[in-house]
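Just below sit the structures, each encoded as structure tokens.
Two complexes follow with subunit A in common, the first pairing it with subunit B and the second with subunit C.
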Partner chain A sequence: MSNPSPKAHLVRLAAVLVGVLVVFLIIKQMVVPDSWNYEEWYREGALALNASEPLAYGGNESCAACHQETNDELAEFKHKALSCESCHGALADHVTDGVKTAAAQVDDESTWQCLNCHEARVSKPEGFPQFDKVAIKEHTEIEEGMLCLACHTPHDPTP
Partner chain B sequence: METLGLPGGALVNYIFPNNAHVVWSIMIVLYPYITGLVAGAFVVSSMYHVFGVKEFKPIANFALIAAFSFGLFAAVPLLFHLGQPQRAYEIYTTPHTTSAMSIFGYVYSSYLVLLMIEIWIIYRRVFIEKANEATGVMAIFWRVLCLDITTYNPESAQFDKKVAKFLAGIGIPWACLLHGYVGFVFGSVKAVAWWATALQPFIFLSSAIVSGMAMLFVMYSFIMWRRGGHYDYVLVKKFMISLWMAFILDYSLEVLEVTFVSYEQGAHWAVIKPLLLGPLYESYVLGQMGLLSIGPLLVLGIVSLLDIRGKALLYLANLGSLMLVFQVLVMRFNVVVGGQLISKSERGFVDYEFEFFSKEGLLTAIIIFVAPFVTYYVISRFIPIFEGKSMDTEPKRGIL
Partner chain C sequence: MKNMKKIVEMEMPSIPDSRREFLIRLLEGTATATVLMVFGPGASAHGPETGISGSLEPAKHNYAYIIDINKCIGCGNCVRACKRENSVPADYFRTWVERYVVRADGVYVDSPNGALEGFEKLNKKFRDNIQLSRTVPKMCNHCHNPPCVQVCPVGATFKSPEGFVLVDHDYCLGCAYCVQACPYAARFINPVKHKSDKCTWCYHRVKKGKLPACVTVCPQKARLFGDLNDVESEVSKIFEKDHWMVLKPEMHTDPTCFYIGLPREVV
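On to the complex of A and B.
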């Protein structure tokens, strides 16, 4: 190139920067969802998407329709505040049109479900029963691998 | 687990469930540290380009390249900290205007772009030379880098000088904005007693300048040692006086912060005092405010005030600079992790344990921290950094 203007490089730099800005604005236009709400700062489409997801949990009332007896006893149980599906898994598909279509689950071969709530954490209330590995050993004073369910009824685990 | 004196020695429930571990860990210590090195190194470069401090001319370009190398990695620790790093670009596309944190993308990137343009202007002459000499793929690379303008004449050199000075000029408030902003993010968290002070942006800014200058000097003496020991002692002396002054300002602000909270004897002090005398005793009282501050103040004071020359000057300058490099690193740790040690109930402290191999562990931190130095080394293989062959030497008319 023959003798460009002393400012030519800056003009080209400015062109590059404007080009980058335009590319950025195009990308921004493409990646920001159409339903983005700039007032409340969230994607409005997310609500409809969540609402259209199939239900996974039925809720305690749906269990009571068939398991009335257990449900009636519930008020006396130590675990009365828990949802059935906390331990039995998501059960929205358990019954379809009055016919049992999927089995309720419960893992009675391990202690992980108990420890979901009862594992020791410094932030839990003092009076809440909680166990770390040492506490479990002290609590049972028996061999390792002993299950909580060997002594405790899961619905009403009063000691 | 340490607790503050409560009625009846009560300890129950003082840690909330979301507060059982320190969430902002080493990555968030590293992020303001590297950002500070960028700001500090840039200030050194500006001292020559804007304020005409001639003693700093030999390291003005070196400081810029070092600032750029650190700048490239300033945000990397944040990406490692994020649970969903692939969404990080969203702070550019939908930054929430009421959140200081979400403005980071723009504050940081605009500064990096400014730094890149400044380096480009200063090194344009070198790029043009390379474009005319190189062949093959490298010729294309250098041609693209000079935006296909392959002549360099005195008129454009004169013009570039003005542009470089202007960019360095606006770069100073911008660098202050970048690091003052980092301090602002911490200082505005009113839930953490140890962070919430309006002094925080100034403390971060001044310590950034100190750490950037100190790190730059350690790098300078290492590079010069590798090149056979051609140290510029006039530069070293002037640099140490500047560093000493910067650190006096920084240390005064740090002392002022803690003195102020202490003198107020308010609710904050009730939790900050046991924090500083308990979990942070070694790192804050003995480290940051003690040995790593008193040491450099004395060493740099001796270097600045007494007539020390030659090797003794070099050893003392390196000793002082190294202590300051660590002082600021420890300071970042004491602020970031220290602040989170206060449990959110303000009734006691949580524990922090160093991890080594985890995603946010020490190993990751070391790798990220080494990356800028490797980058600097790679850049220095391609362009001259200390030879003064950039914009500042007068070019001959016409094609070089």
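On to the complex of A and C.
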């Protein structure tokens, strides 16, 4: 019986290392996404994933598609710079696939939507039209629980 | 004196040699490390610093977001729109508004429910002696050099070719390293998806030619979004003439979210 080769342990070690390398490469092949970008280190498929989120807000141009008249009138109004959806809510809550599903929500039974912007706060810029709560109370004393909308048009709230 | 010099020379003959050796080795080590850093496997993984843009087409757009503090009224329209547009769960915010109150006795900051319903009036006692008060919208700064991208162990957060810092929801583990890394506290773990979540500058909207939801609804045009490569765009014009600032410049994150009229008390 001949002695085992003095280099047998090295061969075994090399075999084990090659085996580990092969397993590593197989696992790497399996877990690295196909569209992996090695330069910037991200999965390119994630861009499409992010872009596929549904839209809720359409912008004024979407509103004008049906409400062209109102949109044209607005050009002259005080609140012309405002987005329709600031007060009327998101397009997706009103229209789905071009079909009206629900009335555009606007809170016309309380004053919060007016006061949310126009109630006086020290943090608001000086030039912004804002009214102190006490002044508003005195101003609306005529009737209990009087709404701003009773006198002011929301699209063109000139005094 | 003459003797002493002789002794020194005699006793330490090897010092110049070993120093030379040491310096040569040090040089070799430094050179190797530099070569590895510049050309090594992980070199281009994380950053614009290397100047390697890779196989991507050169950026056509240079998007910027501008927030004008002197126009913001703290109405919270942006916060509500962001919540609706991106289905952000209750008590979590991709954008929020902070109210800074500067008084002689200190700086006070509040953001009740992220300013989802605006701000309550400050009480009379507190309102006196205010030196300055401003509402400051906050969000992801979409940094050129984002710390959140550097720390992600699986490459699930990244800077898109257009400059948006985005999250790959399919590969995010929810380990929250990025949440800790963000100096602007813009990230959170979405309690529904259990994934990292943040402002995307409404990537899905911008891709379809719309503005981000917060920009769309802002009644004061305090929030603007546009392309700095387009010299005719509103942001370019403002960017040129105004004294803009960024949040936490000392962090060297190089944000693309610029503030106008930012009081120095704001952090």
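Here, the second predicted complex is superposed on the first by the 99 of 159 C-alpha atoms of A that agree within 3 Å, B and C clash if a C-alpha of one lies under 4 Å from a C-alpha of the other, contacts with A are read in each partner's own complex, and residues count from 1 in each chain.
By our rule, a contact is a pair of C-beta atoms (placed from the backbone, for glycine too) under 8 Å apart; a residue touches a chain by one contact, two chains touch by 3 or more.
The structure displayed is predicted, hence computed values, not measured ones.
In the overlay built on the shared chain, the residue A:83 is in contact with subunit C alone; subunit B does not reach it. Between subunit B and subunit C, the partner in contact with more residues of subunit A is C. Using the contact criterion defined above for the overlaid structures, shared-chain residue A:122 touches subunit B and also reaches subunit C.
Look at A:10: by the touch rule set out above, it reaches subunit B but stays clear of subunit C. In the superposed pair of complexes, A:24 makes contact with subunit B only, with no contact to subunit C. When the two complexes are laid over each other on chain A, subunit A has residues 36, 41, 121-125 in contact with both subunit B and subunit C.
Interface residues of subunit C facing subunit A in the complex, by the touch rule stated above, are 44-46, 52-56, 70-77, 81, 84-86, 99-101, 117-119, 121-122, 127, 130, 133-135, 155-156, 158-161, 164, 166-171, 200, 203-205, 207-208, 210-211, 213, 216-221. On subunit B, the positions that touch subunit A within their shared complex are 1, 12-13, 15-17, 19-20, 89, 92-94, 96, 113, 117, 120, 124, 146-151, 153, 155-156, 158-159, 163. Interface residues of subunit A facing subunit B in the complex, by the touch rule stated above, are 1, 3-4, 6-10, 12-13, 16-17, 24, 27-28, 31-32, 36, 41, 121-126. Residue ranges of subunit A in contact with subunit C, taken from their complex: 33, 36-43, 45-47, 49-59, 81-83, 85-86, 89-90, 92-93, 116-117, 119-125, 128, 130, 133.
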